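Let me give you the structure first, and then I'll get to my questions.
The first chain written gets the first letter, and so on, giving A, B, C and D; residue counts start at 1 in each chain.
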């Protein structure tokens, strides 16, 4: 059980848990998706969305609508919901929710770092950042003009500083490929978050354990698959794997030595979940492994809602909502491109 | 016959000869340019068809590409565009041109030249989506590269199209100029020179006839007055150039004039 | 011909410039055509028809077409329609200006100036 | 039983007999009402916080799910009723008569029985009530089903009360 267990959980977090479950009721249903898929134009799409939990969120947007606008507004709604929750949270939920924003923060920071390399105007870049990953010192980023300054002045003030300190030195910042830095940070973050969840114990530890282990494994497999044919060396690749997960340690060690797709297939063969996902992706030509992963993630996240009095639903809600935004974006994209052949790629959440 | 339709020449045999060579040159140039224009036209038609087909094909292709991109965005998230745009540094895909010579017209064709992705710089895009979305991003990259190849071909064709169009117009203009301006003008000049020369001949002939008549009359008068001095007359006649030259020249001239007249007629 | 001079350099690398909505630009950048030179001039220009002014599109178009390193300028058809006058005024064969379809606007052959000419000529030819 | 333990037990027994039976009865009553109210309060806050949160998105649940709060409240009412019944047993002994130790201990035990039965009943109803609110917010069809679970939980307190009444019935202090 999370802090307080069944009997005391509600003292601090019951209200928020109930709210997040209320939000969950707003997640589009399969009937909603069926309606959305019937749309011929994005205007229809907007009309259909007003009938759902999204309501009039697009009413002030001038026509013609862009798919990005729709997605941005959907994301804004998610961010508003998340902020409403996180401002009311007390410890330790507050810390937990902060952890949830770190991935966005990593992405933002990486964007800013690349921008600073190019000596771009930082204030312009901030507009491009994910709103969930904004941090206080971001406004002061404008003063940083070189990567060194950025590192010394800004990064140390962010919650990400320990991850940076652990695995990225100042020299790496300029020498390494930015994608490697991103993934190194992500790895450090996942490991830290995993530790934190285990410390919380109870259902939180159990469910978050499942979700994060899957996340770690997925990253390991993705990184391996994607590194073939690139300049990423094997030892670098190995350093990007997390130190937990279903594949850890044996599968990870073997993945580090994998050379092609078929060897990856044979490595994940002994792991039932991944074997199933792999064959699901291979059997269906319209689906790739990533789609299979998304589906499984949704499945896991849905499971988190089956239990009460734990924090994993906050994480799960964020994941499900992101999937929903992806779905909306996908359907809108198909509609605007008038290409409905692949329309059914979206994953129904509930 | 207005004077501007012919070249300003002094009508003489020499200039007539010059005109004849000029006319030959113009005819030869005309036929050669005509051939060039035909050659260009053949190429042009081929390109026309290809441009048309390729453009429609590219339309289809880019639909597919957009779909693949949507998939990449689906897998990676909406920030893909920012990530991609901020990672841009040096182009890894550039063009090289090779020109092709068609009847003296340089037609460029473009070739894709891919730089080897560098250890850190050029290959940045290769690692985008390492942790998630990489597969879809790679797919999108492939489709877009393919579309781009098609577009490059179209670009080459289109450039050729424009150049050829221009070249054909130019050649046709020249052909027409030769046919409708230069050649008639030379012909007119030729006619003019010939008619002038003719005129001169006729004048000369008439003059000679007059002189002959006069001489005849004088001779008859002299015969009547000094019939007895026959030896002197016989001695004098061979020395008179008119007596020998006139009849020959006269026939000659008429023959030439008739020939020219026939020429003019046909 | 004007083109003759530019084609002369055989080993020179030419760039492909893009003017388009963010999706089009992102896609082509993925294939690696993006280039930012030392004075931070990018060979791509993102247009949001709701926000980007016509004059700045025209400026970008002029910049790309005047650049001797650019061999092809790709431009979304719906954006090309906004600066049609500018495009029609551009007569040089190099860089080749290609109109490409955008996401929301499937390819419409009747709007492509070049293709219209081609069509007309094909009509004549056949 | 060894000597030491025997001594200790004896000492305790002697100690308890030194406490006045009225004291036992009074503490028993206090425990009844106190622990019952603790259980009810606990249950109400578990249910209540979920109910309030869930009602934000689904206001329709609030009146229906008040029943969960009422179930918890009922637990406190059991305590009150028991306390009143027990209180009637505590009467002043007639002159010269000793107050019954049987009744004192009995009322104390009744207090514990009812108090703890109600405490756990309150917790049980609280947790199920909380789930009920959340479930109802998601799917109204679930309300009745979970309500049955809740009713069974609520019945637990009643068992304590019944036993308590029987126990208290035998105990009159004087």
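Everything below uses one rule, namely that contacts are C-beta pairs under 8 Å (C-beta built on N, C-alpha and C of every residue); 3 or more make two chains touch, one makes a residue touch a chain.
Worth saying up front: this structure is predicted, and the values here are computed from it rather than measured.
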| item | value |
| --- | --- |
| Closest chain to global C-alpha mean, per-chain Cα centroids | A |
| Separation of mean Cα positions, subunit D and subunit B [Å, integer] | 113 |
| Centroid spacing, where centroids are CA-atom means, of subunit A and subunit B in whole angstrom | 67 |
| Centroid distance [mean C-alpha coordinates] between subunit D and subunit A, Å | 48 |
| Subunit A and subunit C, separation of their C-alpha mean positions in angstrom | 37 |
| Residues of subunit B whose C-beta touches two or more other chains | 63, 66, 128 |
| Subunit A: positions in contact with at least two other chains | 68, 118, 333, 337 |
| Listing of all chain pairs that touch each other, if any do | A-B, A-C, A-D, B-C |
| Interface residues, subunit B side, partner subunit C - complex | 44-45, 48-49, 51-52, 55-56, 58-60, 62-63, 65-66, 68-69, 72, 80-81, 84-85, 88-99, 105-106, 108, 110, 113-114, 122, 125, 128, 137, 140-141, 144-145, 148, 151-152, 154-156, 158-163, 165-167 |
| Residue ranges of subunit A touching subunit D (in the complex, touch as defined) | 6-7, 10-11, 14-19, 21-26, 308 |
| Residues of subunit A touching subunit B in the complex | 68, 71-72, 75, 107, 111, 114-115, 118, 120, 125, 128, 130, 175-180, 182-183, 186, 218-219, 222-223, 225-227, 229-232, 240, 288-291, 294, 322, 325-326, 329-330, 333-334, 337, 339, 342, 345 |
| Residue ranges of subunit A in contact with subunit C within the complex | 62, 64, 66-68, 118-119, 333, 336-338 |
| Contact set on subunit B toward subunit A in their complex | 63, 66-67, 70-71, 73-75, 77-79, 82-83, 86-87, 117, 119-120, 123-124, 126-136, 138-139 |
